[in-house]
Amino acid sequence: MISTLVLNRTQKKFTTNRDHKRISDLRENTENVLWVDVENPSPEEFLILQEEFGFHHLAIEDCQHSHQRPKIEDFHGYYFIVLYSAELTEDNELELNEVNIFLGTNYVVTAHRNPIKALARGEQLWRNWTDIAEQGAGLLAYLMIDAVVDEYFPVLDNISDQMDDVEDALFSNNDTQDIESIFRLKKQLLQLRRTAAPLRDVFNILLRREQPVFSREVQYYFQNIFDHLIRVADQIDNLRDLLGSTMDVYLSIQSNRMNMVMKRLTALSTILMSAALVSGIYGMNFVRIPELQWHNGYFYALGLMATISIALLIFFRWIKWL
Amino acid sequence: MISTLVLNRTQKKFTTNRDHKRISDLRENTENVLWVDVENPSPEEFLILQEEFGFHHLAIEDCQHSHQRPKIEDFHGYYFIVLYSAELTEDNELELNEVNIFLGTNYVVTAHRNPIKALARGEQLWRNWTDIAEQGAGLLAYLMIDAVVDEYFPVLDNISDQMDDVEDALFSNNDTQDIESIFRLKKQLLQLRRTAAPLRDVFNILLRREQPVFSREVQYYFQNIFDHLIRVADQIDNLRDLLGSTMDVYLSIQSNRMNMVMKRLTALSTILMSAALVSGIYGMNFVRIPELQWHNGYFYALGLMATISIALLIFFRWIKWL
Amino acid sequence: MISTLVLNRTQKKFTTNRDHKRISDLRENTENVLWVDVENPSPEEFLILQEEFGFHHLAIEDCQHSHQRPKIEDFHGYYFIVLYSAELTEDNELELNEVNIFLGTNYVVTAHRNPIKALARGEQLWRNWTDIAEQGAGLLAYLMIDAVVDEYFPVLDNISDQMDDVEDALFSNNDTQDIESIFRLKKQLLQLRRTAAPLRDVFNILLRREQPVFSREVQYYFQNIFDHLIRVADQIDNLRDLLGSTMDVYLSIQSNRMNMVMKRLTALSTILMSAALVSGIYGMNFVRIPELQWHNGYFYALGLMATISIALLIFFRWIKWL
Amino acid sequence: MISTLVLNRTQKKFTTNRDHKRISDLRENTENVLWVDVENPSPEEFLILQEEFGFHHLAIEDCQHSHQRPKIEDFHGYYFIVLYSAELTEDNELELNEVNIFLGTNYVVTAHRNPIKALARGEQLWRNWTDIAEQGAGLLAYLMIDAVVDEYFPVLDNISDQMDDVEDALFSNNDTQDIESIFRLKKQLLQLRRTAAPLRDVFNILLRREQPVFSREVQYYFQNIFDHLIRVADQIDNLRDLLGSTMDVYLSIQSNRMNMVMKRLTALSTILMSAALVSGIYGMNFVRIPELQWHNGYFYALGLMATISIALLIFFRWIKWL
Amino acid sequence: MISTLVLNRTQKKFTTNRDHKRISDLRENTENVLWVDVENPSPEEFLILQEEFGFHHLAIEDCQHSHQRPKIEDFHGYYFIVLYSAELTEDNELELNEVNIFLGTNYVVTAHRNPIKALARGEQLWRNWTDIAEQGAGLLAYLMIDAVVDEYFPVLDNISDQMDDVEDALFSNNDTQDIESIFRLKKQLLQLRRTAAPLRDVFNILLRREQPVFSREVQYYFQNIFDHLIRVADQIDNLRDLLGSTMDVYLSIQSNRMNMVMKRLTALSTILMSAALVSGIYGMNFVRIPELQWHNGYFYALGLMATISIALLIFFRWIKWL
């Protein structure tokens, strides 16, 4: 499904275009800025894109086959950008959606399989942008890309919150599901890094070039996106680092618990075996065992057992083995 | 075994050449594009290559001795490229086959020991390529290399699936073969990385040069291969990273299990020793042990043992030690 | 709250300005050096900044939204710098405060939410600076930034002291809170690194540029800040490294302790079971057990138990299992 | 001991020179290529080198003090190269020998303490080189260096074989010497990396220079050495990586074995204590224990013990604890 | 305490200067080379330095505050170098002393708090240098810096020897102090790296500059220092790497020992409980237990216990559990 929104900069008016064949005419008017959004595109719609904009078939193929790497490619006349929007579903599953962007002199084409909320937010900002002098494909691309990149922050905050939960669980209770949570979070961070880090690297190269690719104004905006991407990548690395430490802490707490179990085993065995030894002694069949003849010998024996047991109990409690 | 396929660009016709001595004549016609495939080459066939194309003896030696590193060497007039095709056999053994490629102005020579399926696929795409303007040695090399590189993706998907299996096995059952699987997968990823990562680095250098080595069109295609190589290398690194986490999880689960065993040992010892203590007490030979005289003293003792045992059992179950 | 301090270099006099609308007039006099400090700024105050200095709205937005990355941005006419001051509260919680700095030809604007002690120290140094030839926005920015950066050293020293405490605790006593301390310190170092390392990298790029950005004199000062930032970052890395080793030592000591517990369990069980075996033997009901008839058999048996127990005790002490 | 071999390129003849004072005369004839080999040099022989070739005293000092880092130094007129030959002795001890090479316009000087087999191989190849046009100091240096570098491959293959043995031993039997083998191999790899990696880095810098240092032909040869050095360094890194995994596997197998021991302890204790409990019960002295009066009560009790023991045995076997 | 040594190159004579006010006169004679050594300098002496040489106050401040990072700063007219001398005290404590060096056109100023043995060695070499053509501030700086850097090698050799001792102790005996030694060595290596690695990096930048900073001859000497610094840094990294492996080995040996303890516990419990079971059986009170009536029943029972115990002992020895 192709939908086209045209801004005429002299008229300061947004119009929706329905006739896909007119797109190349609209493009020719340099006062126009076009946003073409293509959702879940059919092969025919790709053909329209190829004809109206003259996109290289390698770029079109990359749109068709999903699971591309995030990247920016310079096709001498337009840029082809691949990035991913990130969302957490309600049961904390990570959902990544590929967004393909073509950025030309006066148009931006966004192609994607599933509906992307960020693009709607970008459109809103575009429509409300007051400074007409800044209006152009660069600004439009900035608004769209930045809307997508900004979605990473709530996702990362959510993951960070989950990590705090795991950590609290670690230090307080006995839950053996910790390790699965840690592993799941680790996988999510790995996925996020795979989508954010390469984009950061490409923006870095793009912005550090000797001859600036964009006008100074757009350069500021793209610098801003780059800045957000660095923050995203840094935060991911920090969370990964922290998760590594959490794993270490987990292993150390497990080891602590095992120490505790061992100590209890030692303490309990010692107490019970000591009491049993007393009973064993008075179960011997010697002809003369004075205590056996005592009238309250039995209670004396029970008392002895209790005394030994309690003494050991206190001792083991004192050295914190119980 | 040398086989030569010639495309005449003006006649748009493919012909198979059988006379190896004619190769240098065919090369001289700039309208021709040659693909020379050399399978399991004999020393004589290497001599033919050296004579007909004038390849440097160091490159020829690299073809003869296998186990070269993936690389691209510029011999001022042609490029010498070494890469590896990857396949998984039916019992999940990784099979890597070296492919040597010479890329000249209007020819591509592929030399390899074993038959390579990817080259056949590349040939198919070449024969069906409709845009005659793009036809050239660059396109041909692109099709061949890309066909080889594309083979890595199913291999990596397979490894990824195996890792999911290992992971599921980890979290569900008790299988002690996990560690061998993890180790085997790790070795396979190491091998794959050894063949993919150096090639990516070389392509990177090749494509970032100030003066472009290839025409803009071919540059796009080689950019595409580079892109695939980055994806391959990224995926390998991701899988390795994940495998590292899996190993950590494995160790942690082992440690958990040991904790569990220790707790059970403690619980069982405590129960049995407590019951034994009761029997020990009533085995003492004191002259006056009131319970011993009770008519149902024996059953009372059994009951006491049972009571203590069951109470401890319930306690240990409650604290999840049993 | 905006407060403005103006130094007139010809008159060598500091004056406080109260009329925010006059700031742009003051700026025009090139003999003036302005320091504008904005604490917990209201939207209106941001508007004043934007009007009087013409700051880019992206920079203003970065001031408004906290949690930016430390960075230096060149806005062609002024620099926008984000950094963090660091402090440890009394209960060793790390407190990071964002400071935004605009550095223009003859003014420095500092914007921050909370009061920053370092800025007051920087002002003091500025007022007391005797060499009027060096006075300028560069020097002022240096004094402010350096005052902020210098605050990291006592924080790091404090963390280092805490690490020494943890380490001493590790090698001497039995405290199980070690792991929580290590984890808390690790998180603090991670936070500090997130604020110090990016700034160091940006200064590095700034100072290594072919065409120097600052005058030679200011360059020396900024080199000095850079030097301090490297020291901060190095020290953080060293502490992290050491903390990693401390973690390893902790795990190894835990493992040692478990070994010790196991050895004690083995020793105690062996001693008690050996004594119990003796009592078991003389509890057998054979018709003829010579010792049972001995007059002092019972004491002989007790002596035997004691002998065996003490012998084992000495043995286990000798092999250091007890 | 100095020995000099001279190739006269016009006469295509090798001659051995005995008069060390003539070396500078031979050098002056540009048609000559000299190979001067200095084995276990005396201070006087170093003086000869310094006088005849004018080598810098820092380079001479580096020859005299062994344990230099592998390196290439440009002394404006000649290169000074330090590298190491590698060999495994029969009992798998690694032996590294330093080789110092001076490469001038038409001479190569090799200085070393112990006899180096690789140099003899290099000489053989030099004498048999048919293409007189390529003959020069560059080719000679290539042959010598390559002969030394090629010695690393059999050493690495040997280490790789030893690692396979260790790995097989790990997965099959119980050998506790594994850890010492792993550690010894790790140390050998560390030593090899210390000699191979720096040389690779230096060659990299040398070959990537804007203005080529060597003629194109020699460049190819040095590219070839660089290629071998990369392979050596890659293989070392791979083996180190694999050894790290082997260490992990070792720890995990140790942990598995401990689990197994614990399970056996638990199973054996439970069985023996259960049987003992039965005997304890029938050792009680109650006046009325019906079973005690049974004619075959004793055998019933033994049967009960056997039944319980066997049932537990089967149970523990079933859950694979025995 | 300031002491000045002046070499007049035309007179080839060393003279000691006592009048600090004359230093600037001596400096003006370009035939003079000055070495000014300042030990434990007072504020007045710093003032003298600042007046006589015109050093920047930032450099003077760095001299006054110790704990600077090793660095080289270019003050356009002279270099300011900070480095550390390293020594091991008799009880193997690492002692690092800061040395500040100013290198100007014809003077070298060395400032330090404590006496530095290396500087005396450097002076000795300077006085004995025969080649007057090379004499200059560059050579003097080289001799001083190299003397300081060369002190690292015996320190590293000592640490390496200590590591060998730790390793031997690990594989042979039972010493639980290993972990403290490993940790202490790790901290020393960390300290050494903090002083050596930054200096290496700075030298690297200094020597790789397009326009050489020093004359070719001095460049050789500084290249030589750089070379030593790389060796120091490499050796530190190697020792750290090895120490990491030693730590792994330590953990693995601990784990092995725990396995051993567990096995012994299992073996001892099984033996003692088996014997106890026999005694328990013959302690039962059944009316008819045939063995009880045997004349030598008691000895038969003792024999049975011994037989079972010895059989189990042999068995456990055979499977190496005892």
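As written, the chain order gives the labels A, B, C, D and E, with residue 1 at the start of each chain.
Methods note: contacts are C-beta pairs under 8 Å (C-beta built on N, C-alpha and C of every residue); 3 or more make two chains touch, one makes a residue touch a chain.
Since the structure is predicted, the reported quantities are computational estimates derived from the model, not experimental observations.
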Shortest hop count from chain B to chain E along touching chains?
2
Going by the contact rule set out at the top, which chains touch both chain B and chain D?
none
Rounded to the nearest 5 degrees, what is the angle of the rotation relating the C-alpha atoms of chain A to those of chain D?
145
Centre to centre, by mean C-alpha position, how many angstrom separate chain C and chain E?
25
Centre-to-centre distance between chain C and chain B (centres being mean Cα positions), rounded to whole Å
41
Where in chain A do residues touch two or more other chains at once?
251, 255, 258, 262, 265, 269, 273, 276, 280, 283-285, 289
So, starting at chain B and moving first to chain D, the ring lists as B, D, E, C, A
Footprint of chain E on chain D - complex, ascending:
56, 58, 68-69, 71, 73, 75-76, 174, 176, 179-180, 183, 186-187, 190, 194, 198, 247, 250-251, 254-255, 257-258, 261-262, 264-265, 268-269, 272-273, 275-276, 279-280, 282-285, 289, 291-298, 301-302, 305
Listed in rising order, the residues of chain C that touch chain E in the complex are 171, 216, 220-221, 223-224, 227, 230-231, 234, 238, 241-242, 245, 248-249, 251-253, 255-256, 258-259, 262-263, 265-266, 269-270, 273-274, 276-277, 280-281, 283-290, 320
